[in-house]
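To keep things simple, chains are lettered A, B, C and D as they appear, and every chain counts its residues starting from 1.
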């Protein structure tokens, strides 16, 4: 038995080079963080790519193969990201660049994509300005922008009787976007943002910040931190300091109740209100199918979060582009196909890539953390807005 | 021919000693290899440029750590300051690269001089902590001075003018490679002159025995501050090369990881011999480029293991091992 | 005025909790550095392992918090004995650079191994039911767990100080820190003393790491992320001192908290500047031997 | 004018006084021995003179010039050289280089970066000649770390001599040496030019009396007595506190 398997592998190894020489191999350079801060997110994105390949490699046109070249950018480390991207396009001659958790990394890669005419699919980084209003040549985004979630959240908060809100965000691009967007939505609606504090990106213990927020006695605290490990820390501080007991609500974009961390947070997360585009607890069939596959492969206690959804959709977009070209891809063509690409079959509902600038258009859902079958989940209460374009670009048409 | 080299030491003790530091034809080998690499591995040029500028950084560290014995975990402070000043200069003054290098060297050198004057009075753990403190302060400043440095998002949109108005920085890194190689070559010559000069020899004395150095009348602290400043300026040039070739400067240039890694690379090659910097960086970065790709998460395990093994069994690093082999061969010839 | 007082109390409380954790973790490092002259940057690895052992026992095997914490102390202390005998003891006579490199090597290996074993996500620390929420002290309420943490730490510290002052072992440690040769000539088995001290220090670090998992999240980068803080406590406090690091930890814990609370836009800038100032003023630390 | 002079030199470590109002003169060309029981403060006295330690009070003069505030290197430049009781050498370097570095500092070229150090053949030759005179020329290219103890004492002496000092402080130059090498040390010292003033700490009384033309006895940081060898030998106090103990004579 074992020998047979070994023989089969040996045989495959001998034949494979010939087989692949005949077939058309399309290379995707996948850059994410396997180490450093938020390595867990990188691992999740990697799992998504593997799952996608397992499920959908067979959908490719006959003779076409896809090869994923994974690279580790080691965290918010744009020089490394930039070098890896350069190598992927010059040395490995990849047909697509994809992945990227961190905004500065994505911003560093975008010019490379443009110069090499290699489409770059951003699967996480959410600062609006990575893709300016006129678009960034060869760069598209399938994930989200902070403006998409935080602006509507501000509008919601103003309408729902939260008069005084205290803002706590991580001090880097996305955090500042979140703060600015929320402030705009909230103050335009008549709300009062009592204080806006920017915390160092590497903060681990949020208690001092949360304590100060509590001492200011607001109706709610608006928080943004990069999704992942820090979300649990925020929730812990919120819980330990008893803000809930004082009636101070916790609100923010979905990063603060990210699906894979929710089980770590415990019941204190119950009732947190977030605005976001994806929830693992969403009941739409596309998500249920996605979740089922995920938990089949990675265990019932493993939850895909929005990064997984974006990676999934990004792979879908790339595969659709490959299929549309019959397997003979060309950078220019791929980019024009990616712009305007849409699907109704994403785990997060209908999505589209803005044909004008390449950024994502998607629905925003108002969610509340509740228990579903004994497990904490971001339950979607309402579809707050549909087909949201990046508001930042609408407000800053010249940038 | 090669055996002749092994047996090169002939003549009286004084003559043999006097000949030791003379430029050996073998010392040109790395440069021939570097030029050959350009033609043999044209698709590895971005990595090549990174290696070259990291070698420069390692040489700068070798001057301070290897020769003068200043144990520092904060050398990235100078690398980062060089990178940021080159980046800011390109953004706000001119994208001309060579003057950018000078600006970076001056900025990093000033920091080296000022911090050196203050911290080089101490030794041991205190000195290590103070080098770290300088790094952390600079890092924290870069992190918080968002309007100037871009904070955690870094300095983006640096546009470089062509070198001498002729050679444009291209995507494939041809220009960058030659640029880094030329700067490294000049700095290498400077470094060699320095360590083989009486000044350089006296630094070795400081490293070997600071008490004795005092007692033979050497102005020890002034020497230390001088070499620390030179080393800082050189690290600044390395940082500037990174800023100019990658056209981006981020907080990682000031990272503790960068400080630690450069020490590791230098030790891996062998400290206090300039060439240790070259060998160590080349081995480390090529290994990292291939291993880290196969299994990024486990890369650090191998680095760690290697370090422990070097400390326990091979203190001289790669070149130390080579020395021992040569000594063995020589012994057999006799 | 009320706001001022409330801010003051907040800073003091959170700073104190943070300081206690830093001290319990770092005190072992101070003693081993003073005693053996070993620059062990990898001390945080023991704290991290303590955190992992504790959270694993609690989350996977349902062992109660107290027992899990104790088990972490014992397990890590035993493990550190092996490490000390096998590796550290070879390098007591080596130079600082070698020791620094060696311990960085240990950190690197631990990062990869821990990641391999436990994954990249930080470990969940489920605080026992009775320690959750906050305690009402009348004039204001404090998080229960942190209050508990401060009290327990004070207990541990009191025990440690008494132990060092009153027991024979403590006397030997003090003698050896003061003058190793003298201690040896008095017939103290310094090799055994080193091993025991190392184990105790590592065990305490594990204890602190476990107890502080709530504040310093247990993740593979732990030893690297907090290295600077442990070193700051030790170098500012003074090598070999037991009380110096306590003062340093208080300064650091309360200072850091105050910076974050009052001037978040400056981050840890003042903190590092203060460390530099103190070390320049007193290179051997506040309580170090001149 | 004395080659070296201290006036009321004091050094306290906390409550402990290790140098107590030491008035001392070293005349040009003197062969002066400093003796005293262990812990008398002899090495401390030398460290005060060379500037390794800063005195709590008092004055140090070299050739009439007050050098109390000068750095160690400043004093060396004014002709002060020393050996250490415990070998203080560049252990990782060759014997020749140990001396060569010293010669370079003496010549004041230690700041120069313009040419190769080893190209200064004249200085190398001088260094080598010094080694030859101490019978360690054959070890010139050996690394100090690998030499036996006896030869290290000679290297220690060679370094001090390489400075061509006017005042030479020898801290137990023959400590731990076998008699053959002790002889080399003392022959060398005796053959030094007569204008060099030498202060020597030594426990071997035979050597002290053979070499010295003047002796100072230091007890507990205080000068007990000073005089010619003859006077010291017959001084009752010295016999009582020092020779009386018997373990050094």
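Here is the rule we use: a contact is a pair of C-beta atoms (placed from the backbone, for glycine too) under 8 Å apart; a residue touches a chain by one contact, two chains touch by 3 or more.
A quick note: this is a predicted structure, and the numbers were derived from the prediction, not measured.
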From subunit A, the most remote chain by mean C-alpha position: D
Closest chain to global C-alpha mean, per-chain Cα centroids: B
Intercentroid distance (Cα basis), subunit D paired with subunit B, Å: 41
Length of the line joining the C-alpha centres of subunit B and subunit C, rounded to whole Å: 34
Chain centre separation in whole Å, for subunit D relative to subunit A (CA means): 73
Averaged-CA centre spacing for the pair subunit C and subunit A, given as whole angstrom: 36
Junction residues of subunit C, two or more chains touched: 115, 120, 265, 267-268
Residues within subunit B bordering two or more other chains: 143-144, 297, 299-300
Numbers and ranges of subunit D residues touching at least 2 other chains: none
Topology of the chain contact graph, where touching chains are joined (line, ring, star, complete, other): other
Those chain pairs that satisfy the touch definition: A-B, A-C, B-C, B-D
In the complex with subunit B, residue positions of subunit D that touch it: 50, 52, 71-73, 75-77, 82, 84, 88-94, 96-97, 100-102, 104-106, 109-121, 124-125, 128, 137, 140-141, 159, 162-163
Residue ranges of subunit B touching subunit D (in the complex, touch as defined): 13-14, 16-22, 193-194, 196-202, 204-205, 208-209, 211-212, 214-220, 223, 226
Touching residues (chain side subunit B, partner subunit C) in the complex: 65, 71, 73, 118-119, 121-122, 124-126, 128-130, 132-134, 136-137, 140-141, 143-144, 256, 260, 263-264, 267, 271, 297-301, 303-308, 310-312, 315
Residue ranges of subunit A in contact with subunit C within the complex: 36-37, 39-40, 42-43, 197-200, 202-205, 207-209, 211-212, 215, 229, 232-233, 236, 239-242, 245, 260-261, 263-264, 266
Parts of subunit C lying in touch with subunit A, wherever the complex brings them together: 3, 6-7, 10-11, 14, 18, 115, 119-122, 124, 126, 132-134, 141, 143-146, 214-217, 219-221, 225, 257, 260-261, 264-265, 267-268
